[in-house]
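As written, the chain order gives the labels A, B and C, with residue 1 at the start of each chain.
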Amino acid sequence: MQTRTSLEEIVGKNNVLDDPAVLDSYSSDLSFVPKVRPKWVVKPSSTVEVQEVIKWANATSTPLVPVSSGTPRFRGDTIPRTGGAVIVDLSGMKKIMRIDLISRVAMVEAGVTFAELQPELEKAGLSAYMPLCPKGSKSVLASMLEREPITMPAHHWDCSDPFLLGEYIFGTGDKMRSGEASGPETTEEKWKLGNYQMTPMAVSQFDENKLVSGAQGTMGIVTWASLKCRLISKFSRNFLVPSENIEPLLELSYQLLRGRIGDHLFIMNDLNLASLLARDPGEINALRETLPPWVLVVSFEGNGDLPEDKVAWQEADFREMATRSGGLKPASTIHGADADELSQILSRPSDDPYWKLRYKGGCSDIFFLTTLDKTPGFVSAMSGLAQSRRFSPRDIGVYIQPVVQGTSCHCEFNLFHEPANAAEADRVKWLVTEGSVNLANLGAFFSRPYGYWAKVAYSRATETAIMQRKLKKIFDPKDIMNPGQLCF
Amino acid sequence: MALTDREYQALEDIVGAENISREPAFLDTYNQCWGHKLVFDQKFSTRPAAVVLPGSTEELQAIAKICNKYRILFKPFSSGFEVVSFALANERGILLDLKRMDRIIEIDVKNMHAVVEPYVNIYRLQREAMKHGVTVGSLGAGPSAGVIAGSCCHFGAGTTMTSTGGLGRNVLGVEWVLPTGDVLTMGTAETGAGWFSADGPGPSLRGVLRGRSGANGGHGIITKASVKLYPWYGPPEVKFSEQPGLPASGKTLGEVPQGYKAFMILLPSTEVMFEALLRIGKAEIASCVMATGPAVLPYGEGNDEQWAEIQKMEAAGMVFEDLAFRSIVVLLGSDTSRGLEYREKYLLEIMRQLEGVSLPLTSQQGAVMFAGLMWHFGFVTMAFRRTGDFFVSPTSDGSPDIMLKMRNAAVELIQPYIDKGLVVNTGKVDLFLIPSENSTAGFHEENVTYYDPWDPDSLQAEREIIQKSEDPNGPFKSFGVPHLGGGLTIETVSHNHQRWGPIYDNYDMWLRQIKDMLDPNSVGDWSAYIPGVFP
Amino acid sequence: MALQDFEHDMQRCTRCSYCKWIPYENQQNMDFIKGCPSAARFNFHAYAASGKWNMSYSFLNGRIDYSDAFQDAVYKCLLCGSCDVSCKVIGDLEPLQHMHELRCKFVEDGEILPEHFVTIEGLKKEDNMLLAKKADRGNWAEGIAVKNLSKEKAKVAFRAGCRYSFDQELWPIVRGGLKLLIDAGVDVGIWGSEEVCCGGRAYSIGFAGELTKYAEHNLEALKAAGVETLVTPCADCYQHYKVHYDKIGKKPDVEILHFTEYLHRLIKEGTIKFTKEVPLTVTYHDPCHLGRLAEPWIHWKGKEVKVMGQTICHEPPKKFRRGANGVYDIPREILTSIPGVKLVEMYRTRESAWCCGAGAGVKEAYPDFANWTATERIKEAKSVNAKALVTACGWCRRNFIDAMEAGAEKMEVYDIIELVQKAI
């Protein structure tokens, strides 16, 4: 137990866990990634401790798996792929280091969740750019590193937004602060100089921020990050645009995106909208029957110095665009769905139970990048695939989120199922794994290749895989950081 | 150090005899550029061993493989308008002039991206895109700058950064011939899904493509790139007015195009100017907003005409120093009149809060400003016509408050040289200052000096300014690694990575390893990048 | 000026490469934005004006010597002046004057292309650039009753120029031009077989002495004939008389007009009236020598001074010729005044016009390049849906015809004179 002792010396005896129940909770999640039990769980509380843990792992050739978010977990990226791994649970690093209203920047440690951050931001007059109703225990930093799409595409300038920069401990144990965070001063000293760590441009001629994004902890551990925030809305005008077919909504979306008009902007099908608004299966079923098949959710946030004027002109332009898009009729309420209520829901993490688990208790997602105009084809393909495996398309939620100011979109299918129903789970498993191959063949780009998707994605991206493996040898030469994930 | 006949023949076999030369007369047209006297103390940088004009990705791959086989250094460039384009670490190097690769492959209007080859210049893409109501962010080097050069390889700052971002944030896809001759196509382009994302699967390899600045040809050749497009609110075509006897340099659009409005605003102080940029960015109303900077002085038909005009304006009461120190220029644009009205109302509200004064602009002045801000017309004139050369230092990207500190430190450093007449007095120290991404990504700042490289005193003054602003132990150490660590500086001369790496989290250690990984035989010229091992 | 006198400018060429393109302010259709035929065709930077600066500077610094490659880049250049216009949008440099001086240096040192040698020997023997017999020079005017300026005086001298004098296919144009003047009652004469070359094309190749020789002769001839106005349909001659003679200190005392300028007067004063329709959609090609190169010469003597610290200015202020003051509007006004003619513009016009490909010794030494250049222009003319390409220079006209015979797309080509004749 000498190695455990040295680990305890780093993080403290109480922060090295080996209770079987605890280990079990990290050995699997709601994905179909095979269960592998870690050896220990360590809970560092500072950058220094994280760095020492990584150095320890190098010295002992111990795989590390970083985790920042709490349960339930869905993606499989925090399940060890090899035995003898140690979970590095950063959820205890909960410092909100700084909130800056003027710069619209916050700095958070890895364990800060949306549930913790959002109220603090609101006190300061800010709000987080959030993904769609994240679970309460979702780490803000992890969400950004995973490139989870935010619901406000006009503010999504680059794939990594709202992530700005951070502090990285690479697999070698070397620390690097990125971009504006780098330099001869400490982080706090920089604040005094007026350096608020808000510029996402890298230090020099490579971009360390891009190398950790989407890496699933395989390059190193990010201990803190700064992120863009938005001004809190004094009020908002919220709309639901119903449509029998998705195509007119795409047409309207393209117009809005081109002009960077609107804030929340995404498309959902009836099931997903109902799941967001209702609380239990009965309510969800009842609500979805009244909803149109497709809804575009749009909001105009009244913030800044002229909030009423801002909202007024954007709304007016929006209505003209809707008319041009096959006579669409935006509404504040549609058949029991209230846009203002939805806006409230979107302003905070999901209440419990997590919205995706309300309908059937279980949910597996398939998501990828494509362009908006291709989404109807994918919707159709997903439906066909589901039917081929006797999985009802009626149990598939659809969420289409434009990203990077509309240059592409995150296309997500939520396969709701009962976890206890083994046959159904098998069908879902097939769809999420081998079924995704069909989607990839149609052009789906699995930019966030969790679990089985790594095989799907990298078989089509061999040049990228070769390069990433070479990079891995630089930043994690001993391959201790989450080995077995991605293409490593 | 020249190529052997065999080596030369191997290259000629790839591109054909008409696309390669080792004639000394031709070679010396590839080693003379502005900035050389500053960096190399003469107009000439290293004479390349040959110049090659490849026509395709496949040819470039073959060339790279030959270079690896025979250990020949190579460097690609497109417009070739930078010091970094031609600097070679030694004479056993070839230059790859990408002039023949000039296709606009695709403009996807709906999904707002364009795919181009290296020799497509920014103005050409802007004009083609404008026909469809979209455009691409401007580049500081002006209309002739290469789209790929700006977004992937060199720098990529421009006047429209508040609404278009810059510095590599707009890259959605890349086809890259690595120094080994292998091809890496990033993201969705590799999978055949399209050219809409360069990120993934997994970590984004844009991380090795470039950082705040690019590799300046030091890690292979970018043969295709997809870049983001942005809304263009003006007409599909524009025409510069013609008047009998008016040379091209005097031509303007006549008026600001429909869909846009232009403003020049005087603020009470430099500090308030910074505040104004921050607030206008946050208001999310501007297509362009920046410190007036290079637009302070009239351009004039030539230097003599400019001087006459300046004297006339000063006699009429114009105080250029005020404009230089504390004024901004703004372009507002919108598809609808109500959108434009809102933006103007918000701008005026900010001005009211900050006691800014909107200066009257004639139609002509507005039109000149528009072309300058939207397409960088006039900037190249201002950079070079006065004296033949310019430099930017200190330069950085950062939070507004620290950029203000840097500005004040820059003025303190440079003003004495202006007062002594050693560099051009444009009012005060010239300033290129732009909020990025509606002020959510900090400010981009360049302090610009215009010096005469052929005047020993002026040259010496410029060298002192650079030396002091690029001293890692000096008062500028906290503002970021100086300008690109290889952008307008040449690493073989400045050794910036070696000097600054240790105080900036040892970034150089990673950069060297990346270079080594990409280029195991060290054939990608590192003059404006980094070597795998410092010599 | 000697080559060394351009060292200041050589040092200050920034390699912006604007010389390869028409000014960005003038760019309309992105398929037609190239300005320099040499750079467009041969790609290496040496073929651009900036490349010439570089080579000259390298030469002056002893880094290179004369070579075939050097000569190739120097002489595969039409001296069309597009680079000069573009460079001067952003700089106070003189690329065109420099490139010409570089040629003079080549000639001075005996680095002469064989084709040019033959042409110049012909010039020396027969006073023309077409390798034709001097005695045949007047044949184009056979049968036309007109004053002989060798023997008589006249107010207006009509000068044919070498191309029109010996190129029989073009005689209808030059004959037509003369007849227009005669029919308009102009007191006009010609020198016929006594006419000699203007010396301009030889000058453009680098034979400075020939220009001086012919300038002196021609000015004497003008004086002797009591001429007040010289009119020529040859844009080349026009430019050399008006600009280059002045440049070398031999400015003619008479008014020098291109034929279109004189024609314009006659139309304006009502002497020439159009009575017939010419239903034709045309586009007008600005000859370099009538357009940007015909801007009057500006003599300047002074010194460089620095203002605002380091900005390079001049005392007295130096006006640069930036190409805006050529003859652009008059030919267009003539065309649009012809009933039935619809004028559509190409994308590269006026001071940004793409060269026809015939100038500066290129047609003599590099006919393929001359044809290629003309072919590119014809493509542009076709792209604007013009039925006919109209010009005002015999060399342009000849080169367009030759290009079509060599395989360029066919279209009708006219001189303005021909269209005017059709309308009368």
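Everything that follows uses one rule, which is that a residue touches a chain if its C-beta (ideal position, glycine included) is under 8 Å from a C-beta of that chain, and two chains touch if they have at least 3 such contacts.
Just so you know, these numbers come straight off a predicted model, no measurement behind them.
Peer 1: Computing the C-alpha centre of each chain, which chain sits at the greatest distance from chain A?
Peer 2: Between chain A and every other chain, the largest centroid distance is to C.
Peer 1: Please state which pair of chains has more C-beta contact pairs than any other pair.
Peer 2: Top-ranked chain pair by contact count is A-B.
Peer 1: CA centre of chain B versus CA centre of chain C: separation in Å?
Peer 2: Centre-to-centre distance between chain B and chain C: 38 Å.
Peer 1: Could you state the distance in Å from the CA-based centre of chain A to that of chain B?
Peer 2: Distance between chain centres, rounded to whole Å: 34 Å.
Peer 1: Hey, how far is the Cα centre of chain A from the one of chain C, in Å?
Peer 2: Between these chains, centre-to-centre, one finds 67 Å.
Peer 1: Can you list every residue of chain C that touches 2 or more other chains, as numbers and ranges?
Peer 2: There are none in chain C.
Peer 1: Two or more other chains touching the same residue: where does that happen in chain A?
Peer 2: Residues: none.
Peer 1: List the residues on chain B that touch chain A in their complex, please.
Peer 2: Spelled out, the residues of chain B in touch with chain A are 110-113, 133-134, 165, 167-169, 172, 182-188, 190-194, 196-197, 199-215, 228, 231, 278, 282-284, 334-336, 338-339, 341-342, 345-346, 349-350, 353, 397-402, 404-405, 436-437, 439-442, 477-478, 480-481, 484-486, 497, 503-511, 513-514, 517, 529-530.
Peer 1: Looking at the complex, which residues from chain A come into contact with chain B?
Peer 2: 102-104, 147, 155, 157-160, 164, 174-177, 179-180, 182-185, 190, 193-216, 218-219, 228, 231, 254, 257-260, 304-306, 309-310, 312-314, 316-317, 320, 369-373, 404-408, 440, 443-449, 453-454, 457-458, 460-461, 463-464, 466-468, 470-471, 473-475, 486-487
Peer 1: Considering the complex alone, what residue numbers of chain B touch chain C?
Peer 2: Contact set of chain B toward chain C: 19, 21, 23-26, 28-30, 32-34, 37, 43-44, 47, 51, 53, 79-81, 97, 99-100, 123-124, 127-128, 142-144, 237, 239-240, 242, 244-249, 251, 301-308, 310, 371, 375, 377, 380-381, 384-389, 418, 421-426, 450-455, 458.
Peer 1: Where on chain C is chain B touching in the complex?
Peer 2: Interface residues on chain C, with respect to chain B: 8, 10-18, 21, 23-28, 30, 33, 43-46, 50-51, 53-55, 57-58, 61, 63-64, 67, 69-70, 73, 85-86, 88-92, 306-314, 317-320, 322-325, 328-329, 350-352.
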